Amino acid sequence: MKELVLSLIADGGVLAGVPYAVAAPLVMLGFGAVVVFGFVLPIAGITSWLERRVWARIQSRVGPNRVGPQGFLQWLADGLKNLLKEDIIPSAADRWLFSLAPYLVVAGFIATFAAIPFAAPLIIADLNIGILYITAVTGIVVVGVLMAGWASNNKWSLLGGIRSAAQIISYEIPAGLSVFPVVLLTGTLSMQGIIQAQGWAPWDWFLFHNPFTFVAFFLFFVAALAEGNRTPFDIPEAESELVAGFCTEYSGMRYLLFFLEEWGNLYVIGAIVTTLFLGGWQVPAFTENLLVLTLVQFGVFFLKAYFFVFLAMWIRATLPRVRVDQLMTLCWKYMVPIAIVNMLGTAVWMIVVSEALGRLVQIAMTIAGAAIVVLFFRRVRFHLRRARLQPADYYYSPII
Amino acid sequence: MAGYLGNIKETVTSIFEGMSVTFSHFVRRPYTVQYPDRIPIPIQDTLPFRYRGILEVDLEICTGCLACERACPIDCIVIEAVKDKQTKAMVLNRFDIDIAKCMYCGLCSEPCPTGSIHHTSQFEGADYSLESMLRRFVKAPVVAYKPKKGPETDPVVGPLLDRGLRYLDDFAKPGGASEASEPDEAGAT
Amino acid sequence: MDAAALHASLRERFGDAILALDEPAAGDRAVRVAPAAILEVARHCASDPALAFDCLSNQSGVDYPARNEIEVVYHLFSYATRHAAVLKVAVPRDNPVMPTVESVWKTAIWQEREIFDLLGVVFEGHPDLRRLLLPEDWVGHPLRKDFVEPTEYHGISTKRESML
Amino acid sequence: MSLGGFDVQVVRESGFATEEMTLNMGPQHPSTHGVLRFVVRADGEVMTEAVPDVGYLHRSIEKIAEKVGYHGFMPYTDRVDYVAAMPCNQGWAMVCEKLAGLEVPRRAEFCRVIATEFNRIASHLLAVGSMGMDIGAYTPFTHALREREYINDLLEELCGARLTFNYVRIGGVGWDLPPDFERKGLAYIERFEPLIDEYNSLISFNKIYKERLAGVAVISAADAINYNLTGPNLRASGVKFDVRRDLPYSIYPELDFDVPVGTGEAGVVGDCFDRYMLRIREMQESCKILRQCLRQVPPGSVLGKVPRKFKPPVGDAYVRLESARGDMGWYCVSDGTEYPYRVKIRTGSFTATSIIEKVSRGLMIADLIAVIASLDLVAPEIDR
C-alpha cells in the first residue's frame, strides 16, 4: 500500500504534490470504497445465488435459473425486491436498537476487509496486528445479533440472540488458539507477513508444515463456521426450531443485511484460512510485469478463498445441526483442549525438529493430503456405482 | 480416552462419508422438471389413463340416469332431468358440477353406464372467482342419450361412446370383468 | 380369551356389576359393565395374570337417543397373551357421569378427553378433563345425535352459500 | 467421567433463579408437521413441560361418516391420514367387510397389500426425510421426496391419484393392476433398495445426527404400551408386535417378513434414533413384502359382489390394521340402515401425541422438534 501511495504522490502521479499524510488516508478510503462496493457486496450476492445452485444440484433440483443467464442475476432481483419491501418495525419492539442492529452486524463484517489481503500490493491496511484485528472486529457482529434478538421483543428472537452470543464468544477461543501455531511459526501477526512466510507450493503451506498446523487448520475452519453461524452451527437462526431466530421479526432491507453478513462472511472465513494455512496469494515469480503478477496473485487468492466458500455451502448441504449443549461440549471439551495441545506441540516442534527432518515431514504430509483427496473420489465413485445409475442419470455440466 | 478419540474418529469419518455422497450428486442429473414452460411435452400428456383430473361430461352420451348425482358423497353434481310427456324421452335441463367442491374421488364416474361423466387429465383449475369454478354443461335443454340395441352408428356419438366404454372398462367390475354392474334397485329418487 | 368366558369369569368376581353379554348380529361380542364398577373391572382386567389386558386399544362413545343412553366402549388388548376383549358401559344421556380409567391405562387421558369433548361424558377423577379437539368455548357435543350445528361461531357464519 | 456422551445436565445453583418462559410453538411453526400447537414452558433452553394443543385440523370426519353412507365415506378416509391414505382406505373397507361378513377376492387382497406397502414406503420416506430436515439437514429431505415421487407415480398409474387414492372399495379394490405394473414395481424396488444404503451413509450414521437423536426422549416398553403407542413407535421401545404378523389379516400370513425392533444401537432402546432407524428398516421389509407380492399376483376378479346400497346388519365391529403410523383401529356401529351409525378412528398419531407431555419434561427445545419428528406425527390424523 505504501509503495502505491508513494507512486501516486510522486512527480507525474495523480496526486502529485499532495503530502503523504493526506494522500495515504485518501487512497485507503478510495480503495476501501472500491473493495466494499465493487467486491464485498457483489461477492455476498453472488455467493447467495451460487449457494442456492450448489444446494439444488446436491438435492437433485435445478435451482434458480430464470433471472439472467443461469439465474446469475437472481441476487440482484432479490436485493431489489427486499429494498422495495416495507420496513416493518413491530410496535412492541425497541425501535432504536431494532433499527441499529443490522447496521452493527454489517459494520462488524465489512471492517474485517480492512486487513484482508487480495494480492501482494493490494490490501487496505497491512496492520502489524492484522489477524488480531480481524478476530476483534468480528466481535461487533455478536453485539448486533444480540441486540437484534433483544430488541425484537420476541421470545424466539431472544433465544436466537442469546444462543448466538454464547456460541460466538465460546468459539472465539478455539479460533484464536488455532491461529497461534501459525503466529509462532512466523513471528508476526501481520496478514501479509504470514503469507510471505509461506511459499507457492503446497509443501510450503502451513497446512502441511507439521501435524499440529494440519489439525489447527481444521479447528480454525470449524470454529470460523461456528462464528459465522453456518451449518452445522446455525443454531441462532435454526429454522426448524426458532422459526428464524434473531431475525424473525425483520423484513425488507434490514433482513437482507443479516444475510449479506452471513454470505459475505463466508468469503472472510475463506480469506483468513487461505492466508493462514494455504499460502495466500503466493505464486511463482514467472514475470516481471507487476500488473500481471498482481492480477494472477489476486486470482489465486480468490480461488483459494472461494473454495472454502464452496466448502461451507457443501457442508451446509450435508450436515445436520448440533444442539446447544453439544455445541458447547464440542467447543470446551474437544476443540479448546486440542487447540492448546496444538499450540504447545508447535512450539516443541520448532525447537526439536531439525530443518531437514521438517522438510521431509512437509513432503510426506503433502502426499498424505493428496492421498485423502484420492480416497475421497474413490468413495464418490463407490456411491455412484452403488446407486446403479443408468447412463441417462449422469450429467456433468453445471448448466441446466 | 478411547471414547474421546473414538468420537473424533467417528465424527470425521461419518462427515467424510456424507460429503462424498453429496459430492456424488454433482454428476447426477437433477430429477425435477421446470414446470410449466420448460418441459418437452405438457404434463397432461404424460399422465396415466386413470388420472383423476377435472371432471368432464359428454352430454351426447349422457343418459340422464342420475347415478353420478347419487354416488357423489359431497353433492357437488346437480342434474335436472325430466321426462318429456310427448316424446317419452329424458330431457336434461341442467347438469352442473361445482369443481370448487369436487374432491376428485372418482365415485361418480364408476356407476355411469356410458362413461359420459369422466375425469380428464386437466388439473390446472386455478381461477379468480368461485363462480368460474361452477361448470354448467347444459347450455340449452338437450335430449338425453338412449342406448341402442346394436352398435352405435352416429359419427359424432360413436367415437365418444367408444371412449366412454373404454374408460368404464378400466374400473373393476364386481365378480370379474364379464359380469355387468348390478342394476340399481333404488331408481330415481 | 373368548367373550363368553371372560363374561363368566368377570361375573363370578363382580356379580351383578357385570350385566348381560352383548351379542350383536354382526361384529364383536362385548361384556356390559355397570358404570360404577368400570374402574374396578378395568383394574382387574389389567392386573389379573390370566387376563393381562395391558393396553386400552380404543375407547369410544356412541350416543343412543332411543335408549336414552350413551355407551362408552372399551377395546382391550393384551400384548402379553395377544387376546382382545370389548367392554361396554352405558350411562344415562342426561347425566353422563362415570369414573375414569386413567389410573389403569394412561392412554385413556386423551381418549376420555375426546369423548368428553365430542359426546359430553364426564369422567370423574380425570386429571385434565378439557375439550381436546374443539375450542374451549364451543357449545354442545357434536357427536350426539341431536346436535344442531350453530349458525355462527364468533360472528363467522358456518354456512356457505351453495353455488348449485 | 464420560466425555463421550453429550448428556444434558441442568445445574441450578441456589440463589440463581431464572424466570420461566412460556413459549407458544405453533400452530404456524416450520416443524410442527401440519398445524399442531405446543405450549412450552421453558427455563432457558430446557423445557419444564410441553403441552400439545390439537384440533386445528379437526374436520369432523367421524360425524361426516354418519351422513354420507358406507360407499361414500371411502374418499373421506383418504383425508384421515393423507400421507398414508391407502391403509385408511383399507381399514374402512375391512371394518365394513367384517360387519357384513364379506369375502374379498384373493387378487384384490394382493392389490391392497401392494398398494399399502408402496404407500408405507412413501410415508416412511416422508417421515425419515422430515426427520433430517427438522434436525437441520436439508438434503435428505429432497432425496427422500425424490424417491417418494416415483411411488406416487406408480400409485397414480394404479388409481389415478397421487395422494388421496380412494383405491380400495368395500369388497375389493376399484381398479385392477394396470398392465406392466408388476415389472415397473419390481424395477422400482431394485432401484430403491441401494438408495436406502446411500441415504444411511448420507445422514443416518452421521455422528452429529446420531448424537442429536440418541438417548433423547426414551420411552420404555411399559410406557409405550400404557400410552398405547403403536407401530414403529412401539416397536422402537422393544415390543416385537406388528399387527400384520400378530393379528394377521389379508394375505400377510403367507408372506415372509421380519418385524424389526429397536435395539438401542446409538443410545438407549426406545430413543429417537431407534424410532428413526426402525422406519428405515421397515422400508427394507416392505421392499421384501412387495417383491414377494408382485411376483405372485394370482389371476381373478378384484371386486366382490357388493350391493350399491350397502346395508350391513345391526352390530358393531372393531378392526385393527398396520398403517404407516402403526396399529390403526376402526370402530363402526351399524344400525342396519345405509348410513353408519357411528364411526371411530383410533389413529397412531393420536396416542403418540398424548405421550409428548410426559416425555418432553427436561428436554431442550431443539429436542422437542426431534421428538415430534421421531414419533412421525401427522396432524390431520391426530384431529381427524
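Just so it is clear, A, B, C and D label the chains in written order, and each chain counts residues from 1 on its own.
The criterion applied here is as follows: contacts are C-beta pairs under 8 Å (C-beta built on N, C-alpha and C of every residue); 3 or more make two chains touch, one makes a residue touch a chain.
Computed from a predicted structure; not experimentally measured.
J.: If I average the CA coordinates per chain, which chain comes out farthest from subunit B?
T.: The most distant chain relative to subunit B turns out to be A.
J.: Report the most central chain, judged by the distance from each chain's C-alpha mean to the global C-alpha mean.
T.: Central by C-alpha mean position: chain D.
J.: So which one's got more C-beta contacts, A-D or B-C?
T.: Answer by contact count: A-D.
J.: Based only on mean CA positions, could you tell me how far subunit A sits from subunit C in angstrom?
T.: Averaging C-alpha atoms per chain gives centres 63 Å apart.
J.: Roughly how many whole angstrom separate the Cα centroids of subunit A and subunit D?
T.: Each chain reduced to its C-alpha mean, subunit A and subunit D end up 43 Å apart.
J.: List the centre-to-centre spacing of subunit B and subunit C in whole Å, with centres computed as mean CA coordinates.
T.: Distance between chain centres: 40 Å.
J.: What is the distance, in whole Å, between the centres of subunit C and subunit D, each centre taken as the mean of its C-alpha atoms?
T.: Result: the chain centres lie 25 Å from each other.
J.: Hunt down the residues of subunit A that sit against at least two other chains at once, touch-wise.
T.: 58-61, 317-319, 383, 387
J.: Can you pull out the residues of subunit D that are in contact with at least two other chains?
T.: Only 3, 139, 146, 198, 201-203, 206, 208 qualify.
J.: Please list all residues of subunit C that touch 2 or more other chains.
T.: none
J.: Okay, what are all the chain pairs that touch?
T.: A-B, A-D, B-C, B-D, C-D
J.: In the complex of these two chains, what residues of subunit B are touching subunit D?
T.: 3-4, 6-7, 10-11, 14-15, 17-18, 21-22, 31, 47-52, 71-74, 103-107, 110-111, 119, 170-177, 182, 184-186
J.: Report the residues of subunit D in contact with subunit A in the complex, numbered from low to high.
T.: Residues 3, 6, 8, 21, 23, 29-31, 45, 132-139, 142-143, 146, 190-191, 194-195, 197-198, 201-203, 206, 208-209, 211-212, 364-367, 369 of subunit D touch subunit A in their complex.
J.: What residues of subunit A sit close enough to touch subunit B in their complex?
T.: Counting only subunit A, the residues touching subunit B are 56-62, 65, 314-315, 317-319, 334, 376, 379-384, 387, 389, 392-396, 400.
J.: List the residues on subunit D that touch subunit B in their complex, please.
T.: Checking each residue of subunit D against subunit B gives 2-4, 68-69, 71-76, 78, 108, 139, 146, 149, 156-161, 164, 166, 169, 171-176, 178, 198, 201-203, 205-208, 300-309.
J.: For a test of understanding, state which residues of subunit D touch subunit C in their complex under the given definition.
T.: That would be residues 54-55, 58, 60, 62-63, 98-101, 223, 225-228, 239, 241, 246-247, 312-318, 320, 327, 329, 331, 333-334, 341-342, 344, 346, 350-351, 353-355, 358, 383-384 of subunit D.
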